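Here it is: the structure, laid out below.
Chains here go by letter, A, B, C and D, matching the order in which they are written, and residues are numbered from 1 within each.
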Amino acid sequence: MDSAANRKELLKLYTPMEFACTVAYKYCKDGANVFCGVGLSLLPAQLAQKTFAPDVSIIYEGGSIGSVAVGRIPWGIDDTVIQVNAECQTDVLSTLGWLVQTGRVHLTYLGAAQCDRYGNLNTTLYGDDYTRPAARVSGSGGGHDLAVGSQNFVVIMNHREDRIVDKLDYQTSPGFCDGGTSRWDKWGLSGGGPLAICTDLAVLTPNPVSRELEIAAIYPFTTLEEVKARTGFPIRIAAGFKVVEPPTAEEIKILREQLDVTGDFTGWKKLFA
Amino acid sequence: MDSAANRKELLKLYTPMEFACTVAYKYCKDGANVFCGVGLSLLPAQLAQKTFAPDVSIIYEGGSIGSVAVGRIPWGIDDTVIQVNAECQTDVLSTLGWLVQTGRVHLTYLGAAQCDRYGNLNTTLYGDDYTRPAARVSGSGGGHDLAVGSQNFVVIMNHREDRIVDKLDYQTSPGFCDGGTSRWDKWGLSGGGPLAICTDLAVLTPNPVSRELEIAAIYPFTTLEEVKARTGFPIRIAAGFKVVEPPTAEEIKILREQLDVTGDFTGWKKLFA
Amino acid sequence: MKNKLMRLDVAVQTFVKDRMSIAAGGFPLARQSNIFIKEILRQNKKGGVKVRDLYWVEPGIGFGGSMLVAEGIIDSVISTFSSHERAGLSVITRDALEKGIPRKIKWEDESNLTLNSRLMAGALNLPFIPCGSGIWGDLKKPGLWDGKMAYPKNVVTEDPFGSGRKVALLQAISPDLSIVHVPFADTHGNGIILGSMYYDYWLARAGKKIVLIADQIIDTEMCRRYPNLVAIPGVGVDAVVPWFMGAWPCNSPGVYGEDLEHISMFIKNSRGEALRSYLDKYVYSWENHQQYLELIGAEKVAALQDNPAKVLAEPFGQWILPQDKVAALLP
Amino acid sequence: MKNKLMRLDVAVQTFVKDRMSIAAGGFPLARQSNIFIKEILRQNKKGGVKVRDLYWVEPGIGFGGSMLVAEGIIDSVISTFSSHERAGLSVITRDALEKGIPRKIKWEDESNLTLNSRLMAGALNLPFIPCGSGIWGDLKKPGLWDGKMAYPKNVVTEDPFGSGRKVALLQAISPDLSIVHVPFADTHGNGIILGSMYYDYWLARAGKKIVLIADQIIDTEMCRRYPNLVAIPGVGVDAVVPWFMGAWPCNSPGVYGEDLEHISMFIKNSRGEALRSYLDKYVYSWENHQQYLELIGAEKVAALQDNPAKVLAEPFGQWILPQDKVAALLP
């Protein structure tokens, strides 16, 4: 099989982030309480809700629970389109404090600027000087709290050697901390940590013992060599490694026609430009 | 003047607790935020509101703010008659936690089973064994919190030697603690403590230095001797000591016709039985 | 979201276990979980549950709590007061505390701020919370007083940030079960409260499990129209028990007022044979919701509903589900 | 209760002082106190106030906060993120942090739970509060980073009640002033929020002084009918500034949606001359509420009001006071 040709063909049909979303949404279970952040992390729970998980409850940290976005995908958790039909409007202490910290949130989707070998995340800044960052990103928002208390989380992010890194420029949100069982033993954090990092190239999952990220799967348009080259630390291959199947027609139809209609999130409209 | 005859005459016209209420309500200032508890402590703020302090805001610890009781005086802060026309319904953390502890409550009316020489209160039990009290009374409720955080408070209670005592059977709510400035220096409590103890015989106020209670006034139907005899510790006479004037016709009219209509609180109906 | 409606008997059988801690919402005259409490007693008699020693957390021990004490299935109480407000002190609680009738109970006194704070800490999964109350006086002394303290009481400490201020650290309470009576809830568990909230915002959230008892089940569309009225988000609630007049003889503002006549009668019948007869009639004699309502009496129900606070519920009548629809939704 | 209505300019002159801390409610797209922020800048120019160094506390620095940074009157920020959500990061905040344009600002990063908890602690007059967040990572490191730390950051400690659990103790924040935009408030200061509350329940309560900005002034009768919708009790509020469209270009759910077009335009005009022109036009050029509305444009106002979330406010239209009545009530 000619992987270069293969890649070329698939990337005419799907964007890498459509791969990431269609891998990520499968971690969502029907009936689960799912927390969504901003940007790409908004998509998987909504895709799950519109397919196999109609009874999922989507929680936004601002306090909106059970809403279905009206008209367009929200620009943020504070967008009016998710203020319309929520079953309940409460506040940040009730979402991040009560629901998340008591373990009532089963799954959270997070974005990140950087992720280290133990799934710890940086969403704050690039550079080595906090007082004058090379680039300021957004900040923790509720990310730290969700990483601490959510039963599990899944990260969606870009895969570059300066993003999947050995050492974070800023430690915003905990994954498996120092690895192994340190998240619980040493740091006493309540939640279970990251299930997977879904990038635009591959799916990384923690080794069950060391909790170091390994390559669990790659997308068919890339190669293990490319993934390793784009990872900022020497990364192992997980047991059961596989190549991800392309998104199904139904997944793509819902993603493009009902969710990311404008293409702002996955960039799919550029495929046809 | 024949004090015995005098007494007899006045007690045909007013009950002792009507004296207590009409003294107590004058501590209320117009525009003040006033906290009311149960029983007799409900009356003074409402009397003030209906006379010289129309802009008083009455707060009940359950969360009802700004309500005017409909039909009858409430049996408690949880009575439906103050659920009807409140401007705001919130919760105990907002009333006792936020409003009281940040000093936004100017005055509180409290009842008590016992009061000691420094205005500390017992509303919990009689007897010297917590594990088997001679008599259980109600308990703190919000009394402790109000005594801690309210800018000031006024107590309405019965005057007997086992009620105005040297030593409380149970220390429920702080007055001036160990006396002097110990309330602030030693215990670090935020509010200002008791302004007055209005009993069925007299008005006790704290000495400005020692903070020990002194007899500031007695009602015209009693004597200093009687008050001293009914006080469980040797009590001094305050500077400016006086004899209280009987309630005015207007005060009595409002108390009986608009507030304590049934006479359950002050017992006025028994005068005419 | 899931349909969380559950029959009263099933809810008690599912969620109530011996030696568990239960936090019950409301206030002595308001929205106490009286029907749930009665069903604990009924199931205990029928063998649906076997409960001997409950650890009971309630702002003020009034009607329901007193019945549990009377039937001897309370081991320990954390509370701030015990009374039926102006109707009088709780005779039953006094007899238990003063005379050990029908058994000695352990009692821990709190203030309304310290107890509500401890429950908020539980709801937020914090092990403790500071408070300005509980520094001076006897509230900070050990409360559960049978000689074997379950845990130490308030730890007075200084602000580590250097303000010099003293606070009491209060241990969090995360009850095994929180039960709260609300006038309205939908099938997803979204609970709406009208009138004073008392502790219920945080008391509900504090439970490891959360059960609401609702006078009326409403269409979720009402929650979507008034999402800011939902005080208890359904996403965290485990079950909703529909039971009209479930708080009686307490009030449920918007739906009915307190039955002061009945509460006064209960206080007068709080001892010996009179108490036995009372419990036999009002707790054990009836078999279903219809008989329960008949026991209260149609006239009394109508009178209690005809209450000035009904104005609070006026806008919401159109979303109340009819009884047959609720029955069909009950598993 | 007292009439607490106050003109915008008077409110800024009354409550805003240099070197004070201000906590501002909302979220980057929602109910930010934009008109109050603009008035701070306007009064600063006119001499009504003289503000150089504010200590700014806000969940997410978006439109309003960015303007204050752009005009160089922010000394320090405590926040959790800085962005206009999907519209993009705050260019102005980035320029200040990365390049010191127009001046270097001090920045302290929190998470949404830690910052909201710190404000709740302030509202409850607690010196600190524990939290499960802020134990691991860099959020617990000193934040206000000019070399002279104003105070130590999170103190990680163990539960004194022996659970073995670790928590971070977070220092309380009691801002000198809390400002919160609400769709509805009455003259007594009772504030109603529709849609997500974000931090505002506790952020409002945390202020030593509390000012609400309301799109509409409602008759107190509405509060009496829907007392459970009052999120911010008037009894603790110091002033209410009536200003329709005051949150624009953010949303005020129930009244209008966010103006994404304008926010995107603002981001594109966040530097140099373009920024100057933007501020001249949108902050300084107008003289009164009518001119402010004209600047937005009647068509735009109508379009933003015609928003699906208007359903949330539908039941309340009858209690909105007309403009002339509000004007008459303003001292």
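Throughout what follows, contacts are C-beta pairs under 8 Å (C-beta built on N, C-alpha and C of every residue); 3 or more make two chains touch, one makes a residue touch a chain.
No experiment lies behind these values; they were computed from the predicted model shown.
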Sorted by label, the chains bordering both subunit A and subunit C are D
Common contacts of subunit A and subunit D, by label, are C
Per mean C-alpha coordinates, the chain lying farthest from subunit D is B
Higher number of C-beta pairs in contact (B-C or B-D) found for B-C
So, in whole Å, the Cα centroid of subunit B is separated from that of subunit C by 29
Between subunit A and subunit B, the Cα-mean centres are separated in Å by 60
Between the Cα centroids of subunit B and subunit D the separation in whole angstrom comes to 41
Dist(centroid_CA(subunit C), centroid_CA(subunit D)) in Å evaluates to 37
In subunit A, the residues touching two or more other chains are 64, 84, 86, 89-90, 93, 97, 101, 149, 190
Where subunit C touches two or more other chains simultaneously, the residues are 117, 124-125, 132, 165, 194-195, 197, 227-228, 311-312
Among line, ring, star, complete and other, the chain contact graph is other
In contact, pair by pair, are chains A-C, A-D, B-C, B-D, C-D
Listed in rising order, subunit B residues that touch subunit D in their complex are 31, 33, 55, 57, 59, 64-66, 85-90, 93-94, 97-99, 101-104, 149, 190
Interface with subunit C, subunit B side, in the complex: residues 38-39, 60-64, 70-71, 74-81, 83-84, 86, 89-93, 96-97, 100-101, 120, 123-125, 130-145, 148-149, 170-174, 177, 187-190, 264
Subunit C residues touching subunit D in their complex are 117, 121, 124-132, 151-152, 155, 157, 159-163, 165, 167, 169, 171, 192-195, 197, 225-229, 231, 311-312, 314-315
Subunit C residues touching subunit A in their complex are 1-2, 123-125, 186, 188, 190, 205, 220, 223-224, 227-228, 230, 233-236
Subunit D contacts subunit A in the complex at 26-30, 59-60, 79-83, 85-87, 89, 93-94, 97-98, 100, 109-114, 116-117, 120, 132-139, 141, 145-146, 164-166, 194-202, 251, 253, 257-258, 260, 307-309, 311-312
